[in-house]
Amino acid sequence: MIKAAIVGGTGYTGGELLRLAAGHPQLSIQAVTSRQAAGTAVAEWFPHLRGHCDLSFVETLPEDGRGMDVVFFATPHGTAMHQVPALLDAGVRVIDLSADFRLRDAEVFAQWYGQPHVAAEWLGEAVYGLPEVAGDALASARLVACPGCYPTAVQLALMPLAQAGHLVDAPIIADCKSGVSGAGRSAKIPLLLAEATENVKAYGVTGHRHNVEIEQEVSRHAGHAADITFTPHLMPMARGIHATVYASFEAPTGMLQALYEAHYAQAPFVDVLPAGSHPETRSVRGTNICRVAVHETRPGRVTVLSVIDNLVKGASGQAIQAMNLMFGLDESAGLALPAALP
Amino acid sequence: MIKAAIVGGTGYTGGELLRLAAGHPQLSIQAVTSRQAAGTAVAEWFPHLRGHCDLSFVETLPEDGRGMDVVFFATPHGTAMHQVPALLDAGVRVIDLSADFRLRDAEVFAQWYGQPHVAAEWLGEAVYGLPEVAGDALASARLVACPGCYPTAVQLALMPLAQAGHLVDAPIIADCKSGVSGAGRSAKIPLLLAEATENVKAYGVTGHRHNVEIEQEVSRHAGHAADITFTPHLMPMARGIHATVYASFEAPTGMLQALYEAHYAQAPFVDVLPAGSHPETRSVRGTNICRVAVHETRPGRVTVLSVIDNLVKGASGQAIQAMNLMFGLDESAGLALPAALP
Amino acid sequence: MIKAAIVGGTGYTGGELLRLAAGHPQLSIQAVTSRQAAGTAVAEWFPHLRGHCDLSFVETLPEDGRGMDVVFFATPHGTAMHQVPALLDAGVRVIDLSADFRLRDAEVFAQWYGQPHVAAEWLGEAVYGLPEVAGDALASARLVACPGCYPTAVQLALMPLAQAGHLVDAPIIADCKSGVSGAGRSAKIPLLLAEATENVKAYGVTGHRHNVEIEQEVSRHAGHAADITFTPHLMPMARGIHATVYASFEAPTGMLQALYEAHYAQAPFVDVLPAGSHPETRSVRGTNICRVAVHETRPGRVTVLSVIDNLVKGASGQAIQAMNLMFGLDESAGLALPAALP
Amino acid sequence: MIKAAIVGGTGYTGGELLRLAAGHPQLSIQAVTSRQAAGTAVAEWFPHLRGHCDLSFVETLPEDGRGMDVVFFATPHGTAMHQVPALLDAGVRVIDLSADFRLRDAEVFAQWYGQPHVAAEWLGEAVYGLPEVAGDALASARLVACPGCYPTAVQLALMPLAQAGHLVDAPIIADCKSGVSGAGRSAKIPLLLAEATENVKAYGVTGHRHNVEIEQEVSRHAGHAADITFTPHLMPMARGIHATVYASFEAPTGMLQALYEAHYAQAPFVDVLPAGSHPETRSVRGTNICRVAVHETRPGRVTVLSVIDNLVKGASGQAIQAMNLMFGLDESAGLALPAALP
């Protein structure tokens, strides 16, 4: 049994870690922190966890987390980097769901997140935790930086092309649609049902933090600086991301379907749909699955459709998938069940 | 042209007053106040009003509202009662969309709204502004207390029985369903789309401020103390109220349909549906119409279905309907257009 | 491993049986029939089951179902009664999710379902499969009639009162709100998103098949003919039922909370909330749990709030719960995981 | 008063024509046809039109439409082309909301719509009815082909660039998101609320009829063959289109905002938002307005955001706007009111 704790458990990713832990045979959450909710039962914040989680939120981890096998950070950016070094020094492994260790370059972090990085010495050690790419590096990782939700959907759409060297150095468009839970469980007027229902809007069109993260990772695998225009949109729904990725490729016509199928043949959580398909976000709701469809629309041009649940494969599920690999468990442990439809 | 001002214009009822005014041939909104938004253009708060309203919010009304024909209060309860007396003394008529002047008894107000009433001397003068009941009293009213949204739907369902003396002195159930805009444009977690979508829940089951308002008014017209159990429920939608009202009546079987049709024959905004109908909230969305259906379910028992748009007939539309009658205009002025469906 | 088959697998309850079976350690679905979809892979009808169910629909069960331990009927009413007797005669146990064996009286069935009952001789043998009431009778049952979705929510709200003899012989109101999946996966205009979103409406106000089912069962346990006015409403959401039940009781004031807690202390799927609570349908979405809250609103009068997922506790989950009890398994097998929120 | 008739009035665009006509001071709908609903009151099909439209559907137009000033076709494609020539010959003007007269080339029509064009001789005469482009040509038009909903949103986003000669001959991406009402009021399972809620999916990725229409029109104005990849997506909402258009331009950096503002300065229904804005579909719901925002994302590259109501500016409102211009009325007659929010 892996002994784990969660820092910052009142948000949606914290709640999903707790939900998924309830169905994981080898994961035991021992403590979960929250400043605002300290002393309150978890089930009061998350009515669906009544009967499934008996913990109450605590102010800080007992013994500062020493004695845990792993600590998950489900905090807003800017928190983990302050606490992670001490945990790592104490031999506790860390999985950070926030953005603190995703970018390789501390200055780029400072520029996009508006604060200096206080643990830059750990950026080199952090493993960027997209399991389909990181693979074996996770087994020995002490610090895992979980990818953002949009970057997960976009990278899984592009990696087969990038890693095979087929990605042409031409502008790429990543037009992404997300449910509102991606904005977190925060009391803001634009996220009210009365404001967000029956509505679609883009945001951050001229610059979003996830754009730099996507370009960093795709460039690393494509062998050239990827030029990606990323546009996020808010959808009138709670969960789900649909990435529509437009790219140019250099390869014989008609071979991409086979390329994608082969690329993900061993990946338990990436499902390449048959040619001509259109994946639906609901088909992965609540699950760790990414469904991908590849459409060669014109000679040398491809539209890749990629859907995930932003809170699972885009956050907490991916974190547990990484944990499974870090501790030598079955990669799918606790993550095997299908979505409920409708 | 009626010169009007709005106190408290950043909420949904303020926005609806502005929207309806844009289509009203004889109403000119001269000023709209907001503490938090003073100095900001109305169209920044309400993107749909861009091009339809050139005002900016002001901190307080120019000349404290003197010179206006009428001032609308679209404030939370507890605000109007402080400002209304001075306006009335200055000869300005007032339409209060809040709860401050709805209850006849200052002590009952204090009990349910948690503060003493500071303008109790005006409670006797205030006209309870349900136009279908108040009728001619509105023509000379100086101060109109607009009914709550739930009370509007429930009273329109019960008044034909009550006023005809057919309402039996037995427990009445008013099971009501409302869209989330009824809770206002306030940044609260339970109102987030991610929390409120795909969800139904009751609230205030053992006591809600609208219960006492409903009982006060129905009792007044029924000739006995009405015993009404009112249960509000939150629906996963923005607008609309559906009241399902269960009552006992004393009258020959099968006569209620005709009774309701006759009762509302001259009411331009109450539409009694044919026997056997089930009204839909969407059919009145954005409009000032109440649709009612009467079902005699068992001998002496009736289920009345009543739908309104909580922000229009349940608030701002009703306020303008009252204004039309106060100023001798066509009762339907500015309120005549149908809903958009779907 | 229990060998099971499903008759009529393309609807929502069929899909939920398949989903839940994917997570059940002792249940193996061997075949699933559909006339319209015969020859098609299950995953084509249910995109969420891709990778979780390798079956294709078949026209009829192999060997007419002989050799199965149990056959589930997820068909519209009027189908099971034709096929069930032969299965029972062959020693195959049957769990019918349709209405065919819910009513005790064949004439009442004929009246409400518009066709004569062709297997009336089995009505006496059928166990009405509400496990919290049926209890041990399920262990030896050959034929189980799963309750309707509304009747499940309403009965779980009333049974503690009825069985304890506290239910007064006075009119009961069961005002119920359901997501649209309750109407099945059928291509009808009123169920379109464009028609059903942002809308609430009642239906069947003067008579619904579930009313007679509810009265039959509550009367049986209350010791007198229950007089229940049941009103179903359609909500703008996919899943979930909220029953708001108004009844009169004879018992000392303030004892109902303890009564309900004691009544369901051993029921793994009924969660009595703390006094003063308001259950939310989302908290049980995708699960077999019923959450109940009891409010004594006035002396001798109670409002009971009860929420379930109409497709799980109201249909397929309850069917599997019954199966677990029929075959001596853990009552919770395959049904233990929490809802996903948001 | 313009005497008009509608052919095919039971769909959403027919309903919107009737709704908008109810608020139009100079338009009188004299008859509306429907094969399936002949003899039924319009208000039975459209509950929101009760009290606003007293017509009943008829099988065919009285006198085959002779005597009308104008006939609207709100039929599926393939119907208007059979009936339009006789009307035109009789001197009746026609506004076709379907696709029959949008494409210039009868063979292209046959290829994309799967049937030969039977009135190809009228294709040259038809005016493509995007009023912001067609302008004066509408005044004398006898036959107007209303643009598709997606093509309207995309063209309004691109025309200022195209007509000014700034559009570079490079691939353009038009990633579009639409509410489900775009698919019509047809009883299909994928359009059910239970299927379409909480879901996003693309469709027609490798070819959609609107792609050819968009390319035809943009090419005509750009002066070169536009290469546009159009991807439609289905959103979990009833109304609204959001087009996100990615293009390359040749012009000094920073001048596009002014270009767009100048281009649409006289267009009453195109609202160019301030620099840095993100338009919301809800802000135009139920209205004829298109809101546009221009973002220069990288040197020489632009992302244009464009929102419309697919049933109004994308169909029936645009048809009435065209009619206003055909008959010399105020372009905004009957189309002036703002959206209702929330």
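Note that the chains are named A, B, C and D in the order they appear, and that numbering of residues resets to 1 at the start of each chain.
Here is the rule we use: a contact is a pair of C-beta atoms (placed from the backbone, for glycine too) under 8 Å apart; a residue touches a chain by one contact, two chains touch by 3 or more.
For clarity, every value in this text was computed on a predicted model and none was experimentally measured.
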Q | Winner on C-beta contact pairs when B-D is weighed against A-D | A | A-D
Q: State the chain with the largest centre-to-centre distance from subunit C, centres being mean CA positions.
A: D
Q: List the centre-to-centre spacing of subunit A and subunit B in whole Å, with centres computed as mean CA coordinates.
A: 46
(Q) I'd like the Å distance between the centres of subunit B and subunit D, where a centre is the mean of that chain's Cα atoms. (A) 37
Q | Between subunit A and subunit D, centroid-to-centroid distance (C-alpha), Å | A | 39
**Q.** Residues within subunit A bordering two or more other chains
**A.** 12, 179, 181, 185, 194-195, 197-198, 236-239, 279-280, 282, 285, 342
Q) Which residues, counting only subunit C, touch subunit A once they are in their complex? A) 12, 15-16, 19, 22-23, 46-52, 181, 185, 197-198, 238-239, 271, 279-280, 282-287, 289, 291, 336-342
Q.
Please output the residues of subunit A touching subunit B within their complex, sorted ascending.
A. 12, 179-181, 185-189, 191-198, 236-239
Q. Inside the complex, what are the residues of subunit B that reach subunit C?
A. 171, 173, 175, 177, 179, 194-195, 197-203, 205-206, 227, 229, 231, 233, 235-240, 242, 244, 246, 276, 278-282, 285, 293, 295-298, 301, 303, 305, 307, 342
